[in-house]
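Got a structure for you, written out below as structure tokens; questions coming shortly.
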Amino acid sequence: MDAITNAERAEVLVQALPYIRKYFGKIIVIKYGGNAMVSEELRRQVMEDMVLLRMVGVRVVLVHGGGPEITETMKKLGKESVFIDGLRVTDQETVDIVQMVLAGKINKTLVNLLQVHGGRAIGLSGMDGGLIRAEMKDERLGFVGAVTKVNPTPILDLLEKGYIPVVSTLGCDKKGNVYNVNGDTAAAYIAGALGAERLIMMTDIDGVLKDREDPSTLISRLSVSEAESLLEEGVITGGMIPKIQCCLTAIAHGVRKVIIMDGRVSHSILMEILTNQGAGTMMYHDAQE
Amino acid sequence: MDAITNAERAEVLVQALPYIRKYFGKIIVIKYGGNAMVSEELRRQVMEDMVLLRMVGVRVVLVHGGGPEITETMKKLGKESVFIDGLRVTDQETVDIVQMVLAGKINKTLVNLLQVHGGRAIGLSGMDGGLIRAEMKDERLGFVGAVTKVNPTPILDLLEKGYIPVVSTLGCDKKGNVYNVNGDTAAAYIAGALGAERLIMMTDIDGVLKDREDPSTLISRLSVSEAESLLEEGVITGGMIPKIQCCLTAIAHGVRKVIIMDGRVSHSILMEILTNQGAGTMMYHDAQE
Amino acid sequence: MDAITNAERAEVLVQALPYIRKYFGKIIVIKYGGNAMVSEELRRQVMEDMVLLRMVGVRVVLVHGGGPEITETMKKLGKESVFIDGLRVTDQETVDIVQMVLAGKINKTLVNLLQVHGGRAIGLSGMDGGLIRAEMKDERLGFVGAVTKVNPTPILDLLEKGYIPVVSTLGCDKKGNVYNVNGDTAAAYIAGALGAERLIMMTDIDGVLKDREDPSTLISRLSVSEAESLLEEGVITGGMIPKIQCCLTAIAHGVRKVIIMDGRVSHSILMEILTNQGAGTMMYHDAQE
Amino acid sequence: MDAITNAERAEVLVQALPYIRKYFGKIIVIKYGGNAMVSEELRRQVMEDMVLLRMVGVRVVLVHGGGPEITETMKKLGKESVFIDGLRVTDQETVDIVQMVLAGKINKTLVNLLQVHGGRAIGLSGMDGGLIRAEMKDERLGFVGAVTKVNPTPILDLLEKGYIPVVSTLGCDKKGNVYNVNGDTAAAYIAGALGAERLIMMTDIDGVLKDREDPSTLISRLSVSEAESLLEEGVITGGMIPKIQCCLTAIAHGVRKVIIMDGRVSHSILMEILTNQGAGTMMYHDAQE
Amino acid sequence: MDAITNAERAEVLVQALPYIRKYFGKIIVIKYGGNAMVSEELRRQVMEDMVLLRMVGVRVVLVHGGGPEITETMKKLGKESVFIDGLRVTDQETVDIVQMVLAGKINKTLVNLLQVHGGRAIGLSGMDGGLIRAEMKDERLGFVGAVTKVNPTPILDLLEKGYIPVVSTLGCDKKGNVYNVNGDTAAAYIAGALGAERLIMMTDIDGVLKDREDPSTLISRLSVSEAESLLEEGVITGGMIPKIQCCLTAIAHGVRKVIIMDGRVSHSILMEILTNQGAGTMMYHDAQE
Amino acid sequence: MDAITNAERAEVLVQALPYIRKYFGKIIVIKYGGNAMVSEELRRQVMEDMVLLRMVGVRVVLVHGGGPEITETMKKLGKESVFIDGLRVTDQETVDIVQMVLAGKINKTLVNLLQVHGGRAIGLSGMDGGLIRAEMKDERLGFVGAVTKVNPTPILDLLEKGYIPVVSTLGCDKKGNVYNVNGDTAAAYIAGALGAERLIMMTDIDGVLKDREDPSTLISRLSVSEAESLLEEGVITGGMIPKIQCCLTAIAHGVRKVIIMDGRVSHSILMEILTNQGAGTMMYHDAQE
């Protein structure tokens, strides 16, 4: 980088201009997770990207999960995990731990990092302002929640005041029960309720591959109907299935485009938004392009 | 209560009218702690009081601590406490636990309760929007913070949007280090920065007593200079000393009146604000009355 | 009442919470008349009720008549009343007296009382801001007006500025002729034009009775179609007929619910709005419940 | 007038331009009374003048008295007047009549006329919104009030919403007692509280004359100190003394200029404001010109 | 004029009142040209008319051409004009001159005059804020533009801030090519995009005549269908044809009424708008009257 | 540049972050002239820089001169220049040409370019909205103006509406006489009236040099008192003297810092504002650093 002159810097800035114009005032929801959240270096870069986008007028919203840290804290607390059909049973004590880790540890740490990098951020859980309403999915699993409604007002209020909202994906019902809800699903519902221009799903893969073993088979653009075909034909498999389904949900709820992006790449968000090199796979409504 | 007729109810409501008028649009900061926070019944009542005050136009702010739950969680995590001169050493791991418990567990549980009782609440930690700036007090104690500055903007932004802000008393410095700061002190600084009409300190005592053993010696009104005399003369002792000092700080920073109140009494906040029966000890600037 | 403790007071206040929430920001029109207007004690209570409702966020509008005082003033002025088919002939001199008594005496006295009880009130007649447009009903009767249009802007302007509008039911036409219009009818049209949540008709009876002689036959809820049946069947008779017709008019023009209420009961408005004990008869659109 | 061509009309309009500019957005208080209020033709002209000034951006306020109509109504009601030292004793019954006539009869008739001429007007008494606070002047005289304070908010609220406020000069105290206050004095206080650009006193004389018998001795401009000299020297006599004192009060309270104007001249207000021919006597602060 | 007394002046002003009310807040677009622009005296009057209309609340927009000055400047610069089929070929050099004369000379001189007469004016060309989009009409003619779109935002922004927008009829395309567009057409499109109440076309003729040679055959009101008939029947001929077509365009795009007016008459705009004597020919949509 | 990867691009963008934050919402006035205005390539870059700065929240104002084009047009028009003591005599015809070239040709061409590059721009001359008031400097020189007052409202109005104001440095007096005013001086007054954060003077030199012949003697930072010393000592000579005096004027009128910058360097504005490499000489108030 030292080789880059200031003249070149200026040129780079100017070349970002059409992209800045394109996204000015638009809402972009980032579902944040995986390595981009674990690696300190990548985390710093994501924060810088968020703050820069906010400064140039993009209204960014950060939605995060936190699986690994929950598991780790549970282990420390000597809380054993029980599984039914491979799904973790979430009793009251477990959901309390989830709440502590997500809304207390991870959320505030991200808020803190954004502030350190010059952003103005406020953290929200699904309980704040009644953001995420959820209900029990399956009684045997306990407090695992299905999202029933997203109230976008708290996020919009913070955006209007110039903050970057950082959202923990907990939900609650009218009685005040708290539920652990899936981060990808919550992000899809939130982006939909906000009518977001983009939902960016940060993952640890390159994107959707035709041949899972071969990165050169990356599908860079995927319409809803094509995605449905790939699901049917079994080309999309394993953990990618629910992720693609979330993307389809988001588009069905009104998000313009969803991008599955490799969070292991430096400044991948900025590159996606402010340069001509989109990373990963972009999904879009058939009627759109 | 069943004996109270609807006519009497109406009469009671009408008699609250002058108080409602008095506090309309004013900011009241409640420092919440002690039994009022532990007892489920009292907690429900405090939430009801908060929501009611908000509905009748008072701009309430809830500031909470959480000592007992922190200790309990640390025990569960097998984290031993080290003390220097009677003060707990707060290493990085400890401050992480404090953050989890305060900002994740207690804060969000209070937000949730307020929402269940019909309020609209959003939780903030000292990191959110750079609310509480702090610095290390004593290197040997680690991440125990002294408040250096309160930025009231995030609270005012939420009040403007109609929310009840719920604040965890964590602080951070410019580098992003997180500090555990004393709840009473933080509440005093926050109330001062907001120019609050009242700061209500909920405690487990009746108020300031002339004779600590005799509740009938309660001092119901105490000017700043009187308080200073009592401190000097040694009438105020033990844990009451720092509490009174916080009250003096608050008044010095611009809070109109500070009340030390017995949180073990049902709906003590409502009684203080909306009836003619002030509970506990009210402290005020000498020039004021 | 002296027996009510402050703890009970607080409890009563808290129990009003769900009702306060329900009516927050809503418009309630009170058609004020009868004993509630004559008795000094009841009048004081109505004023307190109005001011309290305004303080807790309800947008109240007071519409008043003034038959008895008009008659009394006419008598004092030696103005004889002429009747055609039992209806009073209203010549120019009479309508001048009506204007003086309604807009000058009663209206300003109510405004004054509301101010004394801590409210902020401004009085309006149908001429102010072109509030009530009317036309001659019957040439033989002179300046007795039928409402042709209500312009709600002056009322909404005052509500926006935080005042309690107090309305005298005079109307005028484009040429500036003033008409005496029926208070109940005017209230119905005004409530309709405001899309009021409630129109409360204060009367000197318990409400609609199945058997006029037997208060125990009070009908507490009455749908529009049921009311129409009762009118057809002759169950509703005498002075109750036009009153019910006004209620139906109000509902037809968009008022959600109309309540015929006994104004002789202390704080009947507050009880109706802020407790679970609705007094009198509530009328509603069939499609509503 | 028929001889005036449209070309001349246009020319006249254009010549009003600098005056329109000068008064745009400024507050002008008209104290209305005398023949201009009695003659139907002059009354129509005053209303037209008011509405036109409002349309071209002047914020006009009309303050009226009503002596003759009060006397007439009292006579009709068979209420005898008692005098002490030449001043009418105002008992409760009398002040009630004053209220009826001023706030009910005259005020609403003026409001109505303004509306008929295309203005948007709302009438206020001194009770509305606590506009005029007064206290008893002399116990023997009863409810004759001295103005103690004017709260300009109700007038400013109506001006902001585009209305022409029409004010009856009644006052009230905190207990709700109503007082008859002198119209000229009230107008002076109101104009002062509003920081009016002009206070126009409509009278039945040409203005201040050096020789009361000789209209050719009209003083067209009079500084405060000159007025004080004339008072001292006894040049100003009789009913003109209190009128001049009101003018001095208005200027002392912040009104820029006060004009004593002959209301018997057609469209005298418009001529004063929109042409180069000021009528009557203009009074101003010594420091001003 | 000297014979007009101030009383008559006031009367004239009052008689303008209904017209002022009628146009309050409405948008009137003046297409300015011909003798009214050449004669210094007439120019002054047009400026006065504009400023007066603005002061009484009309939102005026001035659109100007400038044929004669362009020709004159071209001559001075020794630039010869080439014609194809009677139309001037506009090469780059010519359009540069047009831009200089229209946007630099005429536009700023008009702005300056409006300011001198007390108005607040800002000049716009079709390039400012992307006001007028145009495309090449005919390659052989060069930079002669056909209007493709009008973006009314810059005009509305200036109106909101209280300015009189003065518009030069240049257009540009996305690449930045500048075109000379016909002033009448541009005015029609602009008035349409603004939903103007009136478009006034200032010309050097009396209006539409049935017999071109006979001024007494002036058609004072002309519906769209009547105008179309006259065009078909060949009653409208010569230079009046495109002018009438512009008027039809304006009405089709949403202007309420278009007036072809004789700009050689003193204060013709003011007479048209503020008196009962409309000059020239008024065109209107068939459905309107 | 092709060698710059997207990762590097993202990194460059992120490194601009602290500078973007620093100037967010601040006003920067660019005095544009010299080679940066003549060379098409440099002109394109300046436009890009302006648009980019506007997009990232900087409120930029472009002030331009146009000496060479004026001279050229005068030559074309066969208008001979007369000089007195080396200063050009500016008769009415000359100032007309200046107006055409500055406000018509150059201003609108710059506006057009900014629009083509995606900005929203509106051009102003000193006449628009009474922006620049001027008076005759020396009768012998004719319409050469000295700035007497800048009214910043038109610029602030356009900034508020999101436009980039482009200003031609013409002035006018109350009678409407137009004056050619020196561009540097006008820019200094405008920047002062706006309380600008930066005034950037684009020139064809490196900056202030200690030894005029040796670019290596560039003074990169210069306090007001140092500049005054250099002027006194004769280190600053020739055309640099008035330029430095303009800078001193700007600082005296409230501009925080003035930069004399080499406009021949690519994207010099962007480099100055968004990188750590300030070009040219920065002048500042002694008290500031």
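Worth pointing out:
We just call them A, B, C, D, E and F in the order they show up, numbering each chain from 1.
We take it that a contact is a pair of C-beta atoms (placed from the backbone, for glycine too) under 8 Å apart; a residue touches a chain by one contact, two chains touch by 3 or more.
Just so you know, these numbers come straight off a predicted model, no measurement behind them.
Taking the definition of touch as given, a chain qualifies here only if it contacts chain E and chain F alike; none does.
Interface of chain B with chain C: the two copies contact each other largely through the same residue positions, with over half of all numbers used appearing on both sides. Repeating the D-E interface with over half of its contact pairs identical by residue number, the matching pair from B-C, A-B or E-F is B-C. If you average the Cα atoms of chain A and of chain C, the two centres end up 55 Å apart.
Centre to centre, using the average C-alpha position, chain A and chain D are separated by 68 Å. Those residues of chain B in touch with two or more other chains do not exist in this structure.
Taken as a contact graph, with one node per protein chain and an edge wherever two chains touch, the assembly forms a single closed ring in which every chain touches exactly two others. Round the ring, from chain D by way of chain E, the chains line up as D, E, F, A, B, C.
On the side of chain A, the complex with chain B involves touching residues 73, 76-78, 96, 99-105, 107-109, 111-113, 115-116, 120-125, 127-130, 154, 157-158, 161, 163, 170, 172, 174-176, 178. The touching residues of chain A, when paired with chain F in their complex, are 1, 4, 6-18, 20-21, 24, 45, 48-49, 51-52, 55-57, 117-118, 265-267, 270-271, 274-275, 277.
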